[in-house]
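Two complexes come next, and they have one chain in common, subunit A, joined by subunit B in the first and subunit C in the second.
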Partner chain A sequence: MKTVLLAPLDPVHDNAIKLLRRKLEDAGYTAVSMPPGTTEDEVVEKALTLHPDAILVSRTLGYKVAETLGRLVDLAEAAGLREKTRLGVGGMAITREVGAELGFDATFAGDLNMADVFAFIEGKALQAEASKLPTVAREKPSVVEGYTYTFKDKKIEALLDQITTQILSFVSDKTSDGIERARLREEMLDQPAGSPVLTQLRARYIALCDEETAAFYNNGKLPSGVRWLGAEEVARIPEVIETTLAPHEPLQHAGKRPYIFVQYGTGCPVMDIMHIKTAEAWGADGILHFDPSWGAQREGLLEGCLTHEHDGTILTYDNLNLIHQYKDPATMWNVRGHRGLNTAETQILGARAGADLFKINIPYGGTAGGTDPERLTVDGVFSLRLAAKYGLPFDIPGNDELSGVPPHKTFAGILIMMMLGLKLGGQPIPKPLLCYSPYMQIYGYMDDNMVDMNTAKLAVWREIVDTPIWPGEPVGFMTHTPDRVQSAMTTAAHVALAATLGVDAITMASSDEAYSKGPISAPARVDSLRAVRDLLRFMGSAKFLPTPKASDLLEQIHRGITETLQTIADRGDFTASIYEGHLGSVDDGLYPGRTGRGTVRTLK
Partner chain B sequence: MRIIGFAGTAKNTGKTTTALAVLAQCVSANLATALTSIGFDGENRDHVTGLPKPRYNVGAGALIATAQKLLRVGSAVVEIRETTAIQTIFGPIMVAEVTKPGTVVLAGPNRQSDLAVVAAIFERLGADVTLVDGALNRLVPLIGTDALVLSTGAAFDERIPVIAEHAAALASLWSPHTFAITLPASLNIQILYSDGATAEIPGGSLLSESAQANLLHSLHHPVHRLVIPFACHPRLLGLILERLPGSQLVLGDPLKCIASGDPLNWQKVWQDCSRLGVTPSYLHSVPVRLMTVNPFFPRFIASEHRYEPAYVNSAELVEAVQVGITLFPVMDIRQPPEPNFIRLLDLSPKEQL
Partner chain C sequence: MSEALDRIVDALDIETYFYCKSEEEARDLAEALIAELRLPHGDIVFLEHRGWGARVRIRTYIHRPGDHYRWMDKKEEAK
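== the complex of A and B ==
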């Protein structure tokens, strides 16, 4: 077995050396360590008598320290060691570039990866190559795997059956321009470019678009702030990814779940790809595509690789394909289309571009999302059928809480969506929002702590139905401030609480998500992921301990859900219930959406 | 083919700036030029200070040797001519020809033996000159070059007298000549006693007091020649020299000596040698053709946790360093007149000589 000399070129710190020694000895190597304060001369002299196969040194890098490490390398060469002994270096500030400049054969930056260390000692592969490959090949997980969707609360199940029967009956003879465009888009994607059939289909599609979208197709006029993506911008992507990004390192410490999702939607697909690769490198398991706010309020979607200067990345088949090309195949991909006039077509584009998950929520999109409830009910049910057709799970975000809606009303809406999806053959995932919402602030439910209410909001689902749970979107909403440390900390706290309560997935924010004054930044993205990694490490299998108040809140939410569903069932008209505020009233802060009002057509 | 190495006393002393100036004159002289680095050169910013660094802007036809993963980082378009078996942190070293001018990032072989492999490829591909950029204060891989350009300056120390004293001590390393007779290759310390007997001490280096004691133990009767082929700390030679009056001390190479200990300590060794009648020499030595001085230094702004560019007086720096060095010229290449590197480094095509 090979011999390794371990030397801390540091006056005090040798923890890394001690850890390395133990792990190397456990693996059967002969590991000889030197004490803190060892000089480079002593390291080389020791190596001359020990004849190690490798020397590993550690040091926290400073300006002159770089030259000290350089001298070690030079001295080792002057002493004739380098032909037979490989030199590796590690330390908090060591990068591959610094390691190369110093002349080391390998660098070990960041967390200790013993697979890399073993490979280096054995000379099987250099660190750069080894670290480009995950230690264990990633496989794409499933958020819904293992759940039966069996209702434990039979009363709620019966109410949901009654409500959704009415919804399905209501939409059965209705359509909209959004649905017809989705049907046309599906046909268009099957046609070769330039074919006469495609031209005919596109003409029919344009006829169903609003004026501004039609102008794009007819006159090539781009909407305000939109431009074509440049070929050079796209061509540079591979080399930037190749030379700057590291492999995926999982965030989880105890077990494989929850899967961590992050949102992107900078406006530019190239920037999105960099965000995705950054998030993947720092441990994200999944990503969510956020489209522009204005895209949800227009009739019709654009085509081509487009970038723009506003929030959200434009939904086109080409943009989605570009993003899909560069994301890790194992990264789960959710394409959002839950709230606007293009909800149905979005599912088509997402599914055809390789999405793994959809996002559909009629009550949220029909209120806080700004779309007319009747229109979104018709388009939403059609979208649920598409999700079932493509075999893709869909999640149901509860972000109407941000408008001031109490959790029991939001959850009632989510449950209606769940039952609709199940009846149509889909796989729904509820997304209770862990947030410091206006309702919590006004009524003081979080005055003492944020653990009790959030615990109750997650636990109630376990009482009602056997379902995956995916808090979002993102967790910690309204706890963030412009202080990135503070934001990363509250995000990590919410993730840790949800993780210890056994949820299946979590959507988390970048630490500048609400305050970036433009696209979020990569460092802020990393802040939160890094904070989450450490808090999950800190918690491990331990649990938070809620106060007895959490049980009261759980009972209160459960009762509220039942009462809300009873009201809607009694009303007998789902869209009327939205208009009338049964899932969130004007008093709560929620108004029915207006975009697309009067656009539902009854089929002859 | 001539191989020119660029070495510095510290980071930011002007190695790359000097190499770029030499490169420009090589191109003007129609010399087929090859480039590589024993460190990491050509990046936009210094990895430690964050300050801008000079970039390698290379014309079509130049050969480069760099790690595979860095071939596409610069703006130059290159065509791979050969893939070596030399592995680095950024993948195997590739030899490539620039087909469209632009910037390149160089992280080449960092061992002497690997540099020799790359140089042989460059020569086979027709290079007239190979320029090897150094790294930080690392020198030893440059043993395989034909001539050296040393760089020092305010990045080594902001005090001009300290720079000058160190530069003079550094230059003194080239005072001893190469040993006149080719000695048999050995990995060990070799002793030739005055009576013709010989002894060898395993290891070939003198770096610790225990190694010193071991060697002293072997110096039990008069010595004619002591050969230390590898690393040797000058501080440990004092007691040894006392046992070697009138003898020959043969060291490996001035670059190995610099890697082993402070040049100021080597000055003391030469003084002891002179006092005791010991003749120092080297097994191998690469001549220094030029020393450049650079008034720039990165000044750390502690309150803002960043560096900013700063300068000492260039004329005062050149003058102070010149005082202590007679073996080779000293200049700030950014001050006029522009030096003739082709002549200084003996790069003229042979047929024109």
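== the complex of A and C ==
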């Protein structure tokens, strides 16, 4: 095995030398290290007696760098060492340019890459390309794996059974234009372009659309601000992506979970792809597609590759396909359709384009999401059937808390969705929102700290049911400011808290979360991912220590969930319960949605 | 536009610290800086005044979603 001489040409700093020595010895090399303050002459003198295969010197301090290192190179040359001994340099003060200028055989700048060090010692060319390879072979994980969905709280289970039996009975003889369009879209996707059958199906589809969507199909009229994505723009993506490939380094430090998700939806699929590749490069495990809010309030979806200069990327099969084509195959992909008039069709498009997860929440979509509760109940149950049919887990966001709803009411709604999904053969994932919501602010539940309440909001799920937990959406909602350091820090704190409480996945924000006057920027994504990486590293397997108050809050939330479900079960009508505010009232700040009211039809 | 600016994926942020008496003065200075640097549609993302100065971040979008992205152009075309 080869011998390596390690020397810090620095009066104090020799940490890198110590680290190198250990790693080289672990790899079977003979590593001889010299102390801090070693001079150039001493290095050469030692080398002449040791006859090492390689000499590695380090320099941390930034003064006299060229003078010191240049003299070492000259002395090594004069002593005839360089014929048989390779000379390498590294350290904080060293750049590749300086190392090359001074005549070293190799320069190690930035993070220590042992593969490069080994290659240098062995006399091979540095594996510049190796750094482009993933440092960890990625496999697409499953958020739901390992959970049985067994209810530990039997009273809640019984109430949920009663409530969901009523819901399934209610929807059993009902349909809507949204459901019929979804059925047609499924058939349309099986037809070749230009076929007469496709033309007929599309005509039936258009008949079920609103005026503006129909105008797109009939007259080619694009919604305001929307344009076609040029073929040339699409064709150039591969070249751009090729130059931006980067290794995937997991964000997690202790264990493989939680999987970290980020939301995208810049408005343009090409920009989305760049943001997705950025997030992947900085360690994200999954992505969520966000569509424009107007897309949820219209009857019918558009077709083709479309872009616009507003928030949310337009939901079309072609846009989804384009995005899917460029995301890493191991990156989990959630296409949301939880809140609008196209919820059912969104599941069809998502599944056909390769989505791994759906997002469906009737109580949220039927209130804060703006859609009529009756309509979304009918469309939502149909969508749950689709999720089960496609074998795709669906998550249930609890973002109605942002309107002021207390967590126990939001969680009751999430539990109803869970039971509905389970009865229909699905795999639900509750998404308790970790946030500084109006309810917390008004009632002072977070006046002292944000650990107790958030701990209680996660722990209550473990008391009720054996389920995966995925805090979102994103965590830290309403704690962010436009200060990017503060924003990234508060995101990282929430991620770390949730991670140490054993959740399975987390949706996190960029540091632009609180900036409302422009689209989220690529560096803002990196800010937060970078902060998360370091805080997960900081925490490791350690835990937060909540105060005793967390236990009181846990009990309070659990009791509130039971009481809310009891009220809804007693009412005997789920949609009426939403209208009447049992899952969030006007006093809480929540109003029933109105879009699509009166559009549910009873089947003859 | 320079090649370096063309390569900016979306936003260009400038962070600095102004010597100033108040938040209002900091805002005026930030707006003046946007004008002096000729940042198109420049915006103050963040501004916080404490004591004798203010921490400020200003932003302009070199490329907005839906634009023609010059970073996608081939190098010779971008010049």
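Rule of thumb we're sticking to: the second predicted complex is superposed on the first by the 483 of 604 C-alpha atoms of A that agree within 3 Å, B and C clash if a C-alpha of one lies under 4 Å from a C-alpha of the other, contacts with A are read in each partner's own complex, and residues count from 1 in each chain.
The rule is short, and it goes like this: a contact is a pair of C-beta atoms (placed from the backbone, for glycine too) under 8 Å apart; a residue touches a chain by one contact, two chains touch by 3 or more.
Computed from a predicted structure; not experimentally measured.
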- Task: May I ask you to decide whether A:Arg82 touches subunit B, subunit C, both, or neither, giving the answer as first, second, both or neither?
- Result: first
- Item | When both partners are placed on the shared chain, which of subunit B and subunit C touches more of subunit A | B
- Message: According to the stated criteria, A:Arg71 is in contact with first (subunit B), second (subunit C), both, or neither; which is it?
- Response: first
- Message: Which partner chains sit in contact with A:Gly572 here, subunit B, subunit C, both or neither? Use first/second/both/neither.
- Response: neither
- Who does A:Ala100 touch here: subunit B (first), subunit C (second), both, or neither? first
- Which of subunit B and subunit C A:Gly518 touches, first, second, both or neither: second
- Message: So in the superposed three-chain picture, is A:Glu42 touching just subunit B, just subunit C, both, or none of them (first/second/both/neither)?
- Response: first
- Query: Is A:Gly425 touching the first partner subunit B, the second partner subunit C, both, or neither of them?
  - Reply: neither
- Task: Could you look at A:Gly391 and tell me whether it touches subunit B, subunit C, both or neither (first, second, both, neither)?
- Result: neither
- Contacts on subunit A seen with subunit B and repeated with subunit C across the two complexes: 239
- Could you pull out which subunit C residues touch subunit A in their complex? 9-11, 13, 43, 45-46, 48, 55, 57, 59, 61, 63-69, 71-74
- Counting only contacts in the complex, subunit B reaches subunit A at residues 10-11, 38-40, 43, 47-49, 67, 69-70, 72-73, 87-91, 107, 110-113, 135-141, 187, 203-205, 207-208, 210-211, 229-231, 233, 252-253, 255-256, 259-260, 300
- Query: Which residues of subunit A touch subunit C in their complex?
  - Reply: 227, 233, 236-237, 239-240, 266-268, 270-271, 274, 278, 307-309, 481-484, 515, 517-519, 521-524
- Can you list the residues on subunit A that touch subunit B in the complex? 41-42, 44-45, 48-49, 61, 63, 66-67, 70-71, 73-75, 77-80, 82-83, 95-107, 126-129, 239, 242-243
